[in-house]
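Heads up, the next two complexes both have subunit A, just with different partners, subunit B and then subunit C.
And now, the complex of A and B:
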């Protein structure tokens, strides 16, 4: 029996669909150059894909046909040699559909396997975002801005080839740099992309992540109901009606907090989160009213507290807020928990002000898809500079 | 069991179902949500906002029926839901029949004394694929039944968005969809103009006492339209335009702004037809009365990736077609009969 290689690509639905497909396709083609058969496929269960929702593509390669067939007989790989993470905020874990719970990003990574992450963050930050794993694994960072674009667009910022070049370094048994470059020339007919792959190959380094490192939290999980527990027909219980909230200082009851779907939380869809300056809020209701995900709890003092378990970070609240800098979207990598900002503000208003200021300083430029014609073309040169110069 | 003439007359009597006062502004809205968090929609999904506001306006005594589409698949994922009110799935083209059947069933149960006689709202929603394309005949049939109180709400994101954006009868001219990708030789692959659903429903169904177009970027008016539709009696129809970040290809944070632009550029006129009386509403009315200048359509088009292939000529053509609806149509943006009729035979 030969050797089976499996690679998963974890990506943001729609925004990175074409990127993930191109990477997994190129992996199989590069291995094919070395006589290894393989197959690349998107996870069926992610379809229909939604904007921002974590999704997966797989590439499976084997040293011979029989081994490949054996690998393909499984619905999806149980463990992978390499986990490619094309957006760093996915390191916090992924929740794809109801009942799945929060799955650590490194869940399928083999002992000693490699996590390749596209990010501007350093290894310490990324390691602290990922959940702890019982066995050591490697982390490689491809420096850059996570590449986002629309459904039909492929933003060619070399993210794809730089990841492929890094793979050739960390898992040379799968394919060599020469094979990758051969595929790049054949597929894209672009010598610059072949050079980017080479640069990534030269620069690729890994750090070992020990079982003692990472987020110690136990990710939430759910028990699927058994068929014997299901109701007649396909009837399921509705969400109960909401309730009032309690003021942590005065104990006063008021406002309104809806009950939420207990088995799907959606927050792993988020790449940015709203931070609210409660001191400047004019209680206009617009963030609460216009939020498609009913994220805002109405507090007893009439403010609106974004619930971070439910927020998927679309940014509509920031867009509709009439007060400048009252709601600001901040990169999700800057946060370690989903705690209530309103509670924090209630407990220590001065402290909250300082916290807010520090977070807003890290405000990234939003690039969740198309904002104006020519935007993608504007974003590419920066990434090419990083590809060239590191 | 024989039904007496009097009972029969009772059955077809048109009367308001209940009193639902209009909401008086965003600060006077009820806080309670009947469609809550934890649905698997896209970031910035305006259609899920329609669901939220629709049931917020309707209140707790509501049954919702949903035909296949994003708002079915995403909101009831794998044996879980984000609905607080009772909700049932129905087939793609059958929102009209399911709504009618539910309303008729409730009426029969109340008449027989099996359940309490009280106003229960029945809302059947469908997407533009399920409504403007597949479910058109069933919706049309439902709107001819005067004796059942049912609201059919069509949330229109201008494509079959759930299955990755195939074009529907509601897709605007020239848009990039999975079925109409622009090519090098032929740029515009979709030549059809969007169906005018609300106008069609209002013009063709004299029994239907309320038809409205809404957009959730104008929440108070939109919610009040739902309240009016649920209280006026008989079958009613509301058509909502929902910006779709996935299919229209834009940054989710622009969802609200694109809804506003659709109205202020004159592409999406807001109007209601109540008891046969037609009224332009809000910003659309301001445009018609000359209080607000209609914005150029390019402000709307160039923010969306689905029109990224448009040349200046295409934008100009789109603008000319929108201008035509405003300048030449019998009712601006609504009834596509040219004013020529009036010019040929001026009223005496």
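And now, the complex of A and C:
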């Protein structure tokens, strides 16, 4: 048996589909350039994709055909040499749209394997976002804004080749920088992209993540039932009715909190989350009515609290709120938990004001592709700076 | 469920009434007796005769049900599927390409464990447009979890419809059941039928209780969520298990039917005619039984010991039992009023299934397949004799083609 290499690319469904596919294809082509056979595929179970939902592509490469066949005999690799994360907010975990429960981003990463993340954040922030792993692994950061290169729009910001260049550095046995540059020239006919790969190769560094580091939370696990244990007729329990909420100060009951799907939370779809200024809210109900996922809990005092277990971060509430700066979308990397903002506000209004201010001030823009016109143009100077200075 | 059937002896129940009705009318009468809640319809010949009789019963005030004429067969089957999910006893049906147009709805019905009872007025599939009988329409769902039964008289149509409700709605089963009635021969000809009293039917047929699968605000469930490969095999296995339980429930139902109605069908799965001493037998489904029986009587006068096995339940298929029976003869001829192009030995569907059933049997007589009576062409007595000749040749060791087309202009 020769050596088998497996790489997964974790991406945001639809928004980054082409980006993931391009990286996956280029990996196989670069390895092929060195005589190694390989395959590239999207995880079929993630399809049909939804906007922003975590999804995966894989590239499997081997030193020979027989070894490759061994790797292909598994529908999906059980462990990978490299996990590529093209959106840093995915470090919080991956929940596919079917019932799986949340999977840590590093779940498939081999002991000693590498997590390559596109991010503006530093390693401490990213490490704390990812779940703890029993064995040490490496973290490499490709500095930059997570790219929006989706099904319909391709933003050619060189995220793809910068990741490929980084790979040549961290796993040279898979392919060399020269091979990947060859493929870039053949596929894209763009010398500038080949240079970007080189820069990434030169700048790539890794830090070791120890088992003591990271989010200690045990992710939700779901036991698959036997066929005799499942209810017949493809029937599952419906989500029960909701209930009242308790005011943390007075203990008064009121409002309405809907019950939500306990097995599919979908917050890993989120790259931004709404923060609400309860002091300026005029209780107009619009956010509650318009949220496509019924995320808002109605509080006993008639306010609307976006429940972060359920919010997919679409930004509709921000768009419909008639009070300026009452709802603001903030980059998901800025938050460590899914706690209730209303509760925080109830318990300490002044403290909340400060928290809100700090979150809004520090809200690196996210690529969603539909937030406002000119969004990409605004990102160009920043990307150029990174290109020049690293 | 059987405890609910501890009923007073039959003589205390009101007597049967004899009516001159068609097979379709017999099914409509069964709907009335079963007190069906929701019936949907969309016209296509020959099934549309049932619609007419149902409409008559409704307008005469004899049948109190929601009678919905949908805008297509697909909607027709979808509507009853949903009605059944909320606890209604339902009836539906179609013919030929109408049944095929409902195919998507037909495929989801078994998986959702909907005990729909449907009538298929068997009709050739278009093109060419032809009204006559072929069995390919009903057989198209044979792999999907539908229970399929063929009848050959109006009386059997009525009785089998009642039995179909009893079996389909049994909590151990909850699978749909289609009753196949040959177009024209059964759907359009009137015969004397003993119509049982409502009392007897009440004693035989418990009310439909959907239990934990009832779609109702008091039983909050979600039905048919999207799933992926982690779930589908388990779901299919459940449907398979229900189908596997079906033979025992069918047997129970026929036994109770005999007890309450005083009419016996013997072995529910297939009927044997003059097989005790037979050297060779023919096997078939539906109304071709009539000319086959006449031909057998003729041939027996000439000293030829021929028998006939009429298959009633095609799904579930009584493979072991049928194989044991057919193993007794020197050769077997299977008459298909359907085709399965490109199938093993280029046979019809029934012949292919019979061969598969025979394979593990200790005695495997030669099997000759016949394709006959397509598009409603008459299966004549001489045609039956011709087929029998061929089966005799096979019995004597003269190799016969796997399949012969009979009654074809050549």
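Following the convention adopted for this analysis, the second predicted complex is superposed on the first by the 369 of 390 C-alpha atoms of A that agree within 3 Å, B and C clash if a C-alpha of one lies under 4 Å from a C-alpha of the other, contacts with A are read in each partner's own complex, and residues count from 1 in each chain.
Assume contacts are C-beta pairs under 8 Å (C-beta built on N, C-alpha and C of every residue); 3 or more make two chains touch, one makes a residue touch a chain.
Since the model is a prediction, treat every value here as computed from it, not as a measurement.
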item: Which of subunit B and subunit C A:240 touches, first, second, both or neither; value: both
item: Superposition-derived comparison: subunit B or subunit C, residues of subunit A touched; value: B
item: Contacts of A:49 with subunit B and subunit C, given as first, second, both or neither; value: first
item: Subunit B versus subunit C as contact partner of A:232, first or second or both or neither; value: second
item: Touched partner set for A:259, first subunit B, second subunit C, both or neither; value: first
item: Touched partner set for A:152, first subunit B, second subunit C, both or neither; value: first
item: First, second, both or neither for A:316, with subunit B first and subunit C second; value: first
item: Subunit C-contacting residues of subunit A that also contact subunit B; value: 98-99, 224-225, 230, 234, 236, 238-240
item: Of subunit A, residues touching subunit B in the complex; value: 13-14, 48-53, 97-99, 150-153, 224-225, 230, 234, 236, 238-242, 255-256, 258-266, 269, 284-286, 289-295, 298, 307, 310, 312-316, 318-320, 329, 366-373
item: Complex interface listing, subunit C residues touching subunit A; value: 111-114, 174, 212-213, 220-231, 233-235, 237-238, 241-242
item: Subunit B - residues contacting subunit A, complex; value: 26-27, 29, 31-33, 35-46, 48-49, 52-53, 60, 70, 73-74, 76-87, 162-165, 176, 181, 216, 219, 245-247, 249-257, 302-305, 308
item: Parts of subunit A lying in touch with subunit C, wherever the complex brings them together; value: 45, 98-100, 224-227, 230-240
